[in-house]
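Labels run A, B, C, D and E following the written order; every chain starts at residue 1.
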Amino acid sequence: MTQTALHLWLIPLLPLLGAAINGLFGRRFSRPTVAAVGVGFCGAAFAMVLFVLARFFALSLPHIETYATWLRAGSFQVDYGFYLDELSMIMLLVVTGVGFLIHIYSVGYMWEEGGFYRFFCYLNVFMFFMLTLVLAHSYLVMFIGWEGVGLASYLLIGFWFTKDSAASAGKKAFIVNRIGDFGFLIALFLLIKHFGSLTFSQVFASISQLPVETAGAGLLTTIGILLMVGAAGKSAQIPLYVWLPDAMEGPTPVSALIHAATMVTAGVYMVARSHLIFDRAPMALTVVAVIGTLTAFYAATIGMAQTDIKKVLAYSTISQLGYMFLACGVAAYTAGIFHLMTHAFFKGLLFLAAGSVIHAVGGEQDMRKMGGLRSKIPWTFWTMTMGTFAIAGFPPLAGFFSKDEILWQASRVNMALWGVGEFTAFLTSFYMFRLWFLTFFGEYRGSAEESHAHAGHGAIHESPKIMLIPLVILAILSVVGGWVNIGKNFEKFLEPAFRSGSTAYTLTESAAQAGKAVGEQGSTELLFTLTSVLAAVLGLLLAWLLYKSHPELPAKIAAALNGLYTAVVNKYYVDELYAILFVKPLVEGSRKILWQGIDQGLIDDSINDMADGARKVSDTFRHMQSGNVRSYAGWIALGAAGVIAYMIWIALT
Amino acid sequence: MVPLPYYLVLSGILFACGVTGFLIKRNVIAIFMSIELMLNGVNLSFVAFAAHWHALSGQVFVFFVMVVAAAEAAVGLAIIIAVYRTRETLNVDQVNLLKL
Amino acid sequence: MSAEVMQSVPVAADYIRILPELVLTIFGVVVMVVEPLIDENRNQQTLGTIALIGSLGAIAASFYQAGYPGLAFWNMVKVSNFSVFFHVLVTTIAAIVILTSYEYMSVQRIRAGEYYGLILFGTVGMCLMSSAMELVLIFISLEISSISSYILAGFRRREASSSEASLKYFLLGSFATAFFLYGIAMMFGATGSTNIDKISQVLASQQVPVLVDVGIALMFIGLGFKVAAAPFHVWTPDVYEGAPAPVVGFMSTAPKAAVFAVLLRIFFEANAPGRIWLIWVSAALSMCLGNIAALVQTNVKRLLAYSSIAHAGYLLIAYATAPDLGISAAMFYTASYAAMNVGAFAVVSHLANAGERYVTLDDYAGLGQRSPILAATLTIFLLSLIGIPVTGGFFAKFYVFSAALKSNLVGLTIIAVINSAVGAYYYLRVIVVMYMREERESIPVTKIPFALGTALIISLAATIYLGVLPGRVLGYAQRAAGELMQAPASAASVPSVTAPK
Amino acid sequence: MSTTDLNSWILTLITFIPLGGAILLIFIPRRDRDIRVFALVTSLLAFILSLHLPAHFERGQSGFQFDVNAQWIASPNIHYHMAVDGFSMWLVLLTTFLTPLCVLISWNSIHNRVKEFFILLLILETALIGVFTSLDLFLFYFFWEATLIPMALLIGIFGHERRVYAAVKFFLYTMVASVFMLAAILWLYAKVGSFDFVMVQDAIRNGQVPGFATAAPWLFLGFFVAFAVKVPLFPVHTWLPDAHVEAPTAGSVLLAGVLLKMGTYGMLRFNLGLFPEQSQRNAPWIVTLALIGIIYGALVAMVQPNMKKLIAYSSISHLGFVVLGIFSFTSAGINGAVFVMLAHGVSTGALFMLAGVLHERRHTYEIREFGGLATPMPIYAAFFLFIVLSSVGLPLLNGFVGEFLVLSGAFRARALYGILGATGVIWSACYLLWMYQRVFFGKITHEMNNTLPDLTGLERAALWPAAVMALIMGVAPLIWLNAIDPAVQNALVPFGQLAAKAVGQ
Amino acid sequence: MIHWIIFVVFGAISVAGAINLLAQRHPINSALSLIAVLASLAVEYLLLGAEFVAAIQVIVYAGAIMVLFVFTIMLLNAGEEERTRGSRVAILFGVPGMLVGGILIAWVLLRYSGTQSVEAGALPGSPAVIAPLLFHDFLLPFEVTSVLILIAIMGAVVLASREPSPPPGERGRV
């Protein structure tokens, strides 16, 4: 298979090596060494990716490398192998690039923390699994990464394990992900059952023979929906998004890397990767689109009311992921991936900046206790501003292009999706600027001085260089990141990866083509663009109105629509709902009914009762031994009578 | 001309009396005597059968039974005496240390 | 008449054919003669040794005897592999029991002369039982063995319990004997003979008269009592509890073996008709009663008593099977049962200590620490009694059960199998107590004396040997069975019976 | 000697070296250290020898290998017949692999009656290996029973508070159950006249067994009951938690690691091997029980206040996977089942060792006694996490491979099976992570936990091999599957025929 | 005819004696009635021609053995037996069982043991004819009985002799 060996295996294995070194010996290393190892190996991976990129255009794609057989049972076999095409190339760049930056950033951010080596060990572990995920050449290898990143996030969320909230958050993340994986697994079983393999090339080869399941749900629809369940778990979509906000318990770089830039987008990547399946399952696509849109909107609404700077970003992440799924849902995978990339830039940036802010005010995360930091931490302010404008979708920043592309694609399929999308865009820009204003404008409302006692250094201060450099780089990226698609270059680049025998939206496609032909397409697209820009601006204005010019208004409004507001503030009580619906009944039921009821009550007791019964019988038998000779003679006589009677009866019959 | 069955039934009755005695008598010695009664019942049927078959071995058997009975009597009475020494009673209903 | 006059004196061969009995008798007499001649405190050992030599001589004699099969004393006894098998078995048991008794004697201060004498004489009776071809002789030898055991049971004369046991055993024993005798009478009445060969010829020739069935029934009552088969087992627990431990070891094995031999002769050689269901019920009853009643026993001797009832039940199964399988199975079972039971009681009697003070389960607590050797030994015997593989107990059960299966006694086999599972529980209890309970008050454990040690080793070796290489013994038993079946009336095979609905 | 004649001896050696060691041990003076060392050496020797098996095992080949077959007893016709195939070989290795670890982990935790302890341990090892190697039904039954006594004694003598109850319960459950197997074996012997597994199998396949058709259901049940109790399958599992909680660490390790596998191995070898038709007929309810076991075990495990009980119930859940796989009659399923056996042996064994480590320090398994342990004992926490992950079924660790194969097999057999079974993936995460959090995360609640010492050298020596093995099995399961697969295909042959028959009708 | 009368009369006596044995509460009376039974049985034996047996029946049984009984009774001066109700089983199961068994046997005997009669002295069992049997055919049993007797004597000695010993356990090793 391998025409020119690229040694793709090096890409994931380098970080793993780093992880191993730090994990095994890190405790004896000095912090610089640990940092060097952690960052170094990640950088090495990045370098390797660039090396691959250099060779990339010379390759015949997809470029597949298989190394060894992992497992085999009868005819079913899975190899260790990697799969390189445009899609995975993009993902590689994003993951290693952003990952590398965040590694650098972390050195500064985590410098004072205990378990420094652990942190970098985990980060590298994450890199390994994430890269495996994106490079996988078969669903099962992808599943390795899939589970692995889950593990990594579990470890990193629970990094400060002495905090119960952190520990629980980690567990929650892992278990919710597992629920998603359940769907994923079933999908895999279906694939195995019907295609006898999990290797992309083989699966897709056999799928491309199948027709589009226009009439109702068929095999592919089922698989698609199940995959979506998996994706929803990993990418925090309704109804499995609940873990992501809690995940903010982890250190901020982690939130940036895993819960914004890379891992959470794995779902999107997976859906995109399986586009052949979805292309043939319109119903599945619809499900994806709807879930994406709803999540986008829903998360945004919650985001508006959050006061924890990181929570806001978390919900915004969920919402942005919703956009990506929306894109996939309308079979505009390129748009999805495009947004994935830009989002990685600006959301990574936002998180890191937020981290820098938190760092500055000594661990304070409540925006109400911030404000007026603009002057105190200029670098952070300016980079964050970039991020904010980018995500809000102001041209010509990255977010603008990708989001615009998604909405445009959505509009061509279904205006409702577009409408919700637009509105969400407005909300997005609103809550982002809310955050912006609250954090950097007005006067400082916090009490950093005393809260600084523990952090150990003076008043509010700018973060060290090592943290600012990544910020700057990412800021630049989130400005220029969008330009790659000018003239649809990006799409053209990705397009071959999404070539497929047939598409669910052939009709709309053709319509679009027709539109193009007529030549009004340009104008319509422009119209849409204007709308989205308008939405962004509106958001900005509203935020300015509420949080800059009339800071007293929000309270009034909150009071005005009290019920709704509290509901939103409390995230619609979903966690509580889940607790009541699933967790409690499960735990209590298991304890009361299954364990104490059936296990101890029913089974064990019945056994013991049997034993007691035997003992009673035994006792009665014992009491036949009255100790009286005559009684014994009586028994014998009785027995004798029996024997005699029996024998005579035998003899006579 | 007494038919054979009559002898046999007579012996049977004696045997049954012996069994009954064992069941209802309390005095150890009396019980022992009932056993002797049973043996004698058996002896009678031996002799009767011997006559019936013209086989002397029956009578010889009776002879041996008597010897055995004698031996048993010696031992049995010795045992009874021994028990009496330890328990001061001949009533079997009261000889029930060993039970359950 | 004239023919008999021709050789009206027994020839040498005749004496060889009762050689073991002669040896035993002689030594018995010697013991009694020597006793008064030597002083009180040394006679224990000496007499014991004499008795031991006697029993060993008897074993040798039995082996020697094997070379002279055939009838003797005008069809009174018939030496065959069958009889030799039981001779060796019984005499060996006697030897082991004598070894076990050494210590016991001196601890319990029992009059050694009579004790050993009775054991030897009793053994004579048992030996004769296995070779006797004449109901008269069977009856007398049965009485010999019974009476000697009556007396032995009462040997701890200071304890009321002992003499009570003796009395109960005696009364019920003679009660049962009367039934047995009546049975013989019936057989005699039906066939006009008391010689087993003749009887079997008669039965083979003509259609079986009802009297025979009645006779069989009555004889079974008598013999069933001796082997402690339900419902004639009632005496067992009391007697075993009261009697001296070594004696229990003796009378729970040797006389049983002999009586089982007699049962074999009567049932198979005399080819008693319609016996299967009789056995079926009795066996099932014995197993269930024995095992279940043992569950809650706390007195080890009593517990073993119930276990012996249960084992009688297992053994009886063999009597309901086809002769060619059943006989050998039964013989093997008696042998291995003897080995493990004698061993078990040897341990018990050692632990019982003066006045048999320590015979309850609690006294066995922590034996694992106190004396690991004894505990381990007893454990092995108990495991064998459970029927764990590579112990004699397993193959004993195995042969019997598979014989039963081959004879389509599925129901009985299932009952038996379940029973052996139930039985496991109370044997296990003993093991558990020995190893897993801490002893409450410290109980003295004397070091194992040489004699007892040898006894234990022998029975242990036997148990294991029968468990690992049962081939030879079984082979011998099969040959013996074959000869037994050569008897005239053997042609008729057993009707196969299926389990009750 | 050359490998060829070693091949004919190897199994005997592996099986009886521990026994020999035990016997020698009897005569070694009671100096605990010597005894420990000797036990360690013996078990290591057995392990090294057992490595000969995979080294010279002809993969690709389906039949039995390292065959040794000699007449033992003429009547009944019992042979000393030992051999291994892909199934049993690895189980033998599992045993020999775990025993040295048990010796290490009990090095300091057993203070009194050390001698008895190691004697029993070694005897147990012999019995366990015997179960897997013996191909003569009688021999098998013997070893099967023989495992019972040392195990019961280990629990009963060296266990904790309610040890006697647990030991007796364990003994009786398995004893009573195995009696039915004995009955079945006897029946087979009575009809076939041989105990030899191969002969019996051929006789059955060639229909030379009179009255087999009518008896088959009962025979199947006879075997199945014995195995089901050992596994343990759902309604008859209650002996396991008690046994585990009371057993000493080494006991638990071998109990969970190997003893339970006897049951599943038995199902695989005898129920499938001798009664394919019956197996298929009974599969539905058996699978149902297995599924109940998976879910029920997990849920009950989740709410256990006692660490060892939790692990015990998790074993019930995992063994459910094995049974599910076996009775899916798919190559993936059975491959997976065998692999789960091995994986579970390693990871659960390790889990019990870890629990034991804690018990040694705090003399309790109560989860609420702990909390925040990651601070005082980081290395321990790391090991624990690693093992937890491996038994949660994280890819690249041993747990995943087997479960995945089993589930895909089950799914292939019947979608519902696969789906229900797959929920186990969620449950296992729930109970293990929850337990891990309660034990290691959060603030330290009990003073004494602040000063708990981290793993000692010995303990690490015991845990490293397990951890490494868990990794290797996860990354390169092929090493195992290569040998297992042919055996699986072999086992599946009759089912193919059955299917063909079904089609034919 | 005369046989009939003798048979009936002595049969009746024996049965009456047997019943009396049960009825009497003082063992001595029971013993006497047993003697009566034995004696009348001796007559029945004679009637059947078993002279030798009849003789020893009187000498050994009615004589020696019963003397032994009476002696014991005297020795232990056993009094009236009190009708303790120690055993329900014996009455509830034993007696009915006995009745069933007895009746069955009796019925079988009447029905199946042939109806031919035996005339008086059918089989003359004079010592002269018994002797060869006893000392030839039945030589072995005859000799073996000596062992039996021996045992009996030993037993009697062991059991009945007083224990001249210090309390137990004193010399018992521990």
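In the analysis below, a residue touches a chain if its C-beta (ideal position, glycine included) is under 8 Å from a C-beta of that chain, and two chains touch if they have at least 3 such contacts.
None of the values given here were measured: they were computed from a predicted structure.
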**OP:** Trace the shortest sequence of touching chains from chain A to chain D and report its length in steps.
**Re:** 1
Original post:
Of the chains present, which has its C-alpha mean closest to the combined C-alpha mean?
Top reply: D
Subject >> Chain whose mean Cα position lies farthest from chain E >> reply: A
Original post:
Roughly how far is chain B from chain E, going centre to centre by Cα mean, in whole Å?
Top reply: 4
**OP:** Would you mind pulling out the distance in Å between where the CA atoms of chain A average out and where those of chain C do?
**Re:** 79
**OP:** Give, as an integer number of Å, the spacing between the C-alpha centres of chain E and chain A.
**Re:** 102
Original post:
If you average the CA atoms of chain D and of chain E, how far apart do the two points sit, in angstrom?
Top reply: 69
Original post:
Mind pulling the chain B residues that touch 2 or more other chains?
Top reply: 8, 15, 18-19, 22-24, 26, 31-32, 48, 50, 52, 55, 57, 60, 64, 67-68, 71-72, 75, 79-80, 82, 85, 92-93, 95-99
Subject >> chain D residues counted as touching two or more neighbouring chains >> reply: none
Subject >> Residues of chain E engaged with two or more neighbouring chains >> reply: 86-87, 90-91, 94-95, 98, 101, 105, 108-109, 113, 137-138, 141, 145, 148, 151-152, 155, 158-159
Subject >> Pairs of chains in contact (touch as defined earlier), listed by label >> reply: A-B, A-C, A-D, A-E, B-C, B-E, C-D, C-E
**OP:** Could you pull out which chain E residues touch chain C in their complex?
**Re:** 105, 108-109, 111-113, 132, 136-141, 144-145, 147-148, 150-152, 154-155, 157-159, 163, 165, 167-169, 171-174
**OP:** In the complex, go through chain D and note every residue touching chain C.
**Re:** 73-76, 113, 116, 138, 141-142, 145-146, 149, 153, 156-157, 163-164, 167-168, 171-172, 175-176, 179-180, 182-183, 186-187, 189-190
Original post:
Mind pulling up the chain D residues that touch chain A in the complex?
Top reply: 235, 238, 296, 299-300, 302-304, 330-332, 335-336, 372, 374-375, 378, 389, 394-396, 400-401, 404-405, 407-409, 411-412, 415, 418-419, 422-423, 425-426, 429-430, 433-434, 437, 440-443, 475-478, 481-482, 485, 488-489
**OP:** Show which residues of chain C lie in contact with chain D when the two form their complex.
**Re:** 368-369, 372, 383, 388-390, 398-399, 401-402, 405-406, 413-414, 417-418, 420-421, 424-425, 428-429, 432, 435-437, 469-471, 474-475, 478
Subject >> Interface residues, chain E side, partner chain B - complex >> reply: 3-4, 7, 11, 14-15, 18-19, 21-22, 27, 30-31, 34, 37-38, 41, 44-45, 47-50, 52-53, 56-57, 60-61, 64-65, 68-69, 72-73, 75-76, 78, 81-87, 90-91, 94-95, 98-99, 101-102, 105-106, 109-110, 113-119, 122-123, 125, 129-130, 133-134, 137-138, 141, 145, 148-149, 151-153, 155-156, 158-160, 162
